[in-house]
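Data first, discussion second: the structure below is written as structure tokens.
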Amino acid sequence: MNDQIIEALQAQFGEEGVYGLGESHGILQVTTAVENIVPMIHFLYAHPVFKFQFLTDLAGIHFPDAKGQELGVIYHLHSLENNVRLWIKAYAPIEEPNFPTITGLFATANWMEREAFDFYGIIFEGHPNLTRILNMDEMDYHPMRKEYPLEDATRHDKIDELFGR
Amino acid sequence: MEVSNIWYFLSGLTLLSALMVVLAKNPIHSVLYLVFTFFCISGHYVLLNAQFLMAVNIIVYAGAIMVLFLFVIMMFDLRKNQPESKSNLTKLAGSVVAGSLLVVLIALVRQNNFQTPQADGFVSQTGMVENLGKVLYSEYLLPFELVSILFFVAMVGAVLLGKREAGERNF
Amino acid sequence: MNLLDSVFIAKASFIGVIFLITLGVAAYSTYFERKIAAFMQDRIGPDRAGPFGILQPLADAVKMFMKEDFIPANSNKWLFIMGPCLSMLTALMTSAVVPFGDTLTLGGVTFDLQGIDVNIGILWVFGIVSLGVYGILIGGWASNNKYSLLGAIRAASQNISYELAMGLSIIAILMMTGSLSTKAIVEAQQNGHWNILYQPMGFIIFLICAFAECNRTPFDLPECETELIGGYHTEYSSMKLGFYLFAEYINMFISGAVMATLYFGGYDYPGVDFVTAQLGATAATLIGMGALIGKALAFVFIFMWVRWTLPRFRYDQLMGLGWSGLIPLAMFNVVVTGLGVLLNQQILVGIGGVVVFIAGIVVYDQLFVKKKLA
Amino acid sequence: MKLSNRTKVVEQGEMTLAERMYLPAIVGGMATTLKHFFSKPVTIRYPEQQRYLGPIYRGHHILKKDEQGAERCTACGLCAVACPAEAISMVAEERKKGEEKLYREEKYAKVYEINMLRCIFCGLCEEACPKEAIFLRHDQMVPVFNSRDEVIYGKDKLVEKMDQRYLREGWK
Amino acid sequence: MSNSTISVAEAPPGIEGAGFFATSLDNLVGLARANSLWPLPFATSCCGIEFMSTMASHYDIGRFGAERLSFSARQADVLMVMGTISKKMAPVVKQVYLQMAEPRWVLSVGACACSGGIFDTYSVLQGIDRIIPVDVYVPGCPPRPEQILDGFMQIQELAKKESTRRRNEPEYKALLASYGIE
Amino acid sequence: MSEIALVNNPNVGLDKTQKGGPYVNELSTLNLGPTHPATHGIFQNILTMDGETIVDAEQTVGYIHRAFEKIAERRPFYQITTLTDRMNYCSAPINNMGWHMTVEKLLGIEVPKRAQYMRVIMMELARLTDHIVCNSILAVDTGALTGFLYVYQWREFIYEIYEEMCGARLTTNMGRFGGMERDFTPVAIEKIQKLLKELPAALKEFEGMVMRNRIFMDRTQNVGGISAERALNYGFTGPNLRAAGVDYDVRAMNPYSSYEDFEFDVPVGTKGDTYDRFLVREEEMWQSLRIIQQAMDNLPEGSYHADAPHYYLPKKQDVYHNMEALIYHFKIVMGEIDAPVGEVYHSVEGGNGELGFHLVSDGGRTPYRLKFRRPGFIYYQAFPEMIKGTTLSDAIVTMSSMNVIAGELDT
């Protein structure tokens, strides 16, 4: 199945539009450009055989060292009828983390995209209500980015020098 | 205590609370004063030895109708709108209507001679349930039935009006 | 004047006794409610305040008295205070016409074991019950809280709706007795001719309506915790809340007493004559009073039993049950009772009515509902 | 949609006539509650009766001593590393001459503190300890606190008393 | 039912005699309050489930006269904060505390509510005692129902000992003021 | 959003010329939560109501956001188990096992059959606890408290089994990478057998109290329904999706931990309403009992953990006497196991649906990125759509039948 998917995608979007192919425990992963995301997901959704009509997950990710491709989004699609999963990844620079929204296709993407925005500051253009979801509205940074610390500054009762922490 | 004193006291209360119905700013207060007015009137019924009327007055007016009034006002009051100030024209029209009503009432009272009740001819059982029933079902049978039909029609009309489109909840 | 005084004192002392009994029963109802709930749920319930926890109501009362009295800002202060008072007042007033027993002669003074024997007794009950909703309505509105208001509005419409069916079910009794006086109704039932035998359907309607009028599960929509937090008493604290809770238990007890009066022969109990012959009239009367209170308490138990068993209705379902279930049923009951009075065969017709009703339902079910499903 | 061949449809089922009249559920339900009304309560009256806590329940921490009364802890710090709540802190010190009776290893914890409010009783410290020094005892729970000052337990409260040794059934 | 091992709440020390029983009002009120503490369960996470266990048949918090949960803050006596309180939630907790009528106690159940527990993160409040005064802390994550009952009994002890005047005293006012509550 | 803002804002009047629109005059807003009893203290819904009918709803979540994913990036793999405990705390063992299986997938550890069966038993017990709470709380929210307390006694009993296995009741922290940390004790086996024997009676009793009770059926039938199509579009999984008629069950579709060895049915509903969700959960409890019975009957002999000294903590005696074991012990506890670089996804059928772990590893001692796919977070966003046009009571019943667990939702 995975080979067919790759073939079909390459036929549709060209060899250069689909790269970073890989497979992990049976799950195919492809990387594409930001502008290809929506057409690709649409294509897979409407495809008569693949029928990727279930969005399992949408995760943001941050690679501070990859210049120009710091922020990524992983779309995890699932074709229930074929029981095949697929990861589609796309990356954008941190200065301009603009991704297209897929809320038009999947209602469930609404909160997932809000979560990615909340954590990573990824901006989904066209999202109906792109506001913070889990954190307070007053928060002025995106906490899941690697540069921000985890700890609350108000904790006093631990000795930090212990064992490399 | 003299009965007449009770009567004066009750009448005074009735008038006072009736006035408050009109004067109170808050519609909820108005309704509550109205309920109180009904209680005073029920007191008058008791003085007249018409216990049945008193009970029915409380059940129907105080217990049911005014509860519905209160209910409706509370529902509409949800948004706490400020009452719009009335224009001068409405005020004028209101006073004209009220004034003419007053004139008509006074004319009526002046035209008619009311019988003064005779203490020795007073039948204490007049207001009792049995007598009421007998009178209603013999002498006033036709009006009684007509009124019931009228109520029935009104009820059907209310149901028809109140019923919304099918599929909607009627709360 | 001397006579008047003694009558007055007798009356006053009787009213005082009834008042105390009502309050005591209501207070201990809270304890028994907790205990009964606990036993039904395989728990133990309060057992720390005094032996078996019997001081629990006292602890609650003292705590409530000593709690900060709180009147929310933006609320209507006078109405806020008036709400629970009205509730308490109307709850206590109903007991005036319930005949707790026959006349009792003690030390030369005759006690009439009834607050007032008016010829409109049952209408009095009815009138007071219909006023009972004002306490809730006013309190809920004055709290200036949406949940309270929703509770109040639910209470109002629920009470009005179920009053109708309740009134219709009483009419059947009135037709049989021919009097509005509660005393007369009880006296007509002496020697085992309890109305429950003649009016099984009427009793069931009355029981359901009593549940609704007392705002008890499955009709406790005005205060249901999972939906409206506390309903109309969400904003109340300290003793004002206590009044509301108290009024509920008083209502339960009194409606139990009214049901016993109307359908279970009031202070009648099997073997009155035997007891009178053996122990004298005074003892018989006192036992009768005990019998009535016992019956009322049995109803209180049923109230609690049902509460801890059944889920509650939704708002529109409750209205549907009241308007399109109970009212037609009560009307049918009136017709059947009329037939019974005409034929002078009341037990037969009463039971026949139930049979006809069930048969009618079955036939309807077979003819129409099954067809619709198929 | 049929995805697996294990489907079993649960039917809502129409109500029968009796069910539409509320009868069986009310009668049955009330019978059930009445049955329980007369059955024995299952309640454990806690302060007087103690519930069985299981053989490996993760309760109060204890720093074990060995049979000779020497502390087992060697202040290796694995427990502190393993602690997800970062509730353990310690200061290690070299054992001096003449302290062999007190400490089993050459290094020992001079200060060993557990913040009881931070601790989540996950048992990772017990698993991490290579010296079988720290345990979560199965027969005792941490008491409640009245103020924030009491919550950090030092060695005085953690180290096992020799007259009340903690033994666990099926000791490994 | 009768079980001799049950310790019934002790009668307050007083002078007992035939028809004569004197005790100070404080003790009586304290005893009444202690046996009629209505909790407001502010349950946000795991500890809330353990609170359900505490309420359920096996532990039965009703034995202490506390089975009537008051979800309305006005009617509650004990605020039981169970579960993580995030910084987003903190104003709500404080609001609920402010709405409660005096006398009020706060029982902080579980590591998260007491100190943040394992969630030493940017979004979690490191202990609710940073925003409201806490009377009793119950450790554990989540604590066993036994420990919750321990905490509850500790609150009962506090209620018994508390003077009826305490809530008007300057010390108490100062405590509230330190939390910014007038 | 914009309409609600209009209603809430006193300065912006409604367009009075617009007749018969959805926003007729008497709209009011009601704030449901976060301290409302039915929202279990964590969710906020701002309802726009017309009388008691809900016109619109807007949700706020995140009231117990605890930054799980951020913590996971700073903690060694084995400490993350304690985080998963606190996700769906009604069924913590499923989360634990799911996480362990994810890491095992990354590390390539093969778990022996006995450990897999033990995991299945613990996971199904967890599913029982989850569904017991959900269904009985649904009954409580309709007003019937007593049935809840009857079945809750059995939940307590399952806690006792957990205690035998791991020493805690709720946040179990059960198992390790490569298997379980200890074998079934005789007491545990005895208790599981007792549960299998006696839970059915209690479940029947509970079902007898509510299942065919017209009041309950009226409250739940045709309430809060969602079609299969919308449910899939909203990413529903688990009982909520199955109630809508789609038999997607991870256990059946992608069997893990030897689920393929067991006979069980996947119950599906027909309408997707609250009553269907109740029935599906009820039936799943019976299926869970069936699975546990089979697993107990066929429990294989053998080791309860994998033979993987690099990843599985050695026995305490060995640590003390064996140098190699001591080194492994230190490495494992310090988190310095040799995790390969890679990316894995593993999902298990949690109490509420597909619970997924998307783990990106850069070979360090902590995950580089760990994304939890929490079913509760994903399907709770359909709540406004499901309650639109129903009443307040329906909204509450719908919410409890969806079984939204805040810990899972907000992480």
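Each chain carries a letter (A, B, C, D, E and F) given by its place in the written order, and its residues are counted from 1.
Rule of thumb we're sticking to: a contact is a pair of C-beta atoms (placed from the backbone, for glycine too) under 8 Å apart; a residue touches a chain by one contact, two chains touch by 3 or more.
All values reported here derive from a predicted model rather than from experimental measurement.
Peer 1: Going only through chains that touch each other, how many steps at minimum separate subunit C from subunit E?
Peer 2: 1
Peer 1: Considering only chains that satisfy the touch condition with subunit D, which of them also satisfy it with subunit E?
Peer 2: Under the touch definition, subunit D and subunit E have A, C, F as mutual neighbours.
Peer 1: Can you tell me which chain pair comes out on top for contact count?
Peer 2: So the chains sharing the most C-beta contacts are D-F.
Peer 1: Roughly how far is subunit A from subunit C, centre to centre by C-alpha average, rounded to an integer in Å?
Peer 2: Inter-chain centre distance comes to 63 Å.
Peer 1: From the C-alpha centre of subunit B to that of subunit E, how far is it in Å?
Peer 2: Chain centres of subunit B and subunit E, defined by C-alpha means, are spaced 53 Å apart.
Peer 1: Rounded to the nearest whole Å, what is the centre-to-centre distance of subunit A and subunit B, using the mean of the C-alpha atoms as each centre?
Peer 2: Whole-Å distance between the two chain centres: 70.
Peer 1: Taking each chain's centre as the mean position of its Cα atoms, how many Å separate subunit A from subunit D?
Peer 2: About 39 Å, centre to centre.
Peer 1: Counting only residues that touch at least 2 other chains, which ones in subunit A make the list?
Peer 2: 80, 83, 134-136, 143, 150, 157 - these are the residues of subunit A that touch more than one other chain.
Peer 1: Specify, in ascending order, the residues of subunit C that touch 2 or more different other chains.
Peer 2: Touching at least two other chains: 37-38, 40-44, 146, 225, 229, 308-310, 315-316.
Peer 1: Identify all positions of subunit D at which a residue touches two or more other chains, and write them in rising order.
Peer 2: 1, 3, 20-21, 26, 29, 32-33, 36, 41-43, 45, 81, 84, 86, 115, 118, 120-122
Peer 1: Name, in rising order, each residue of subunit E that touches subunit A in their complex.
Peer 2: Going by the criterion above, the answer is residues 87-88, 115-116, 120-124, 126, 130.
Peer 1: Mind listing the subunit F positions that touch subunit A in their complex?
Peer 2: Listed in rising order, the residues of subunit F that touch subunit A are 1, 61-62, 65, 67, 69-71, 73-74, 105, 230, 232-235, 246, 248, 253-254, 342-347, 354, 356, 358, 360, 369, 371, 373, 377-379, 381-382, 410-411.
Peer 1: Okay, in this complex, where on subunit C does subunit D touch?
Peer 2: Result: residues 36, 38-44, 305-306, 308-310, 361-362, 365, 373 of subunit C touch subunit D.
Peer 1: Can you list the residues on subunit D that touch subunit F in the complex?
Peer 2: It comes out as residues 1-4, 6-12, 15, 19-22, 24-26, 28-29, 32-33, 36, 42, 52-58, 78, 81-82, 84, 120-124, 127-128, 130-132, 136, 138, 172.
Peer 1: Hey, which residues of subunit E end up touching subunit F in the complex?
Peer 2: My answer: residues 41-46, 48-50, 52-53, 56-58, 69, 71, 73, 83-86, 88-89, 92, 96, 118-119, 121-124, 141-142, 144.
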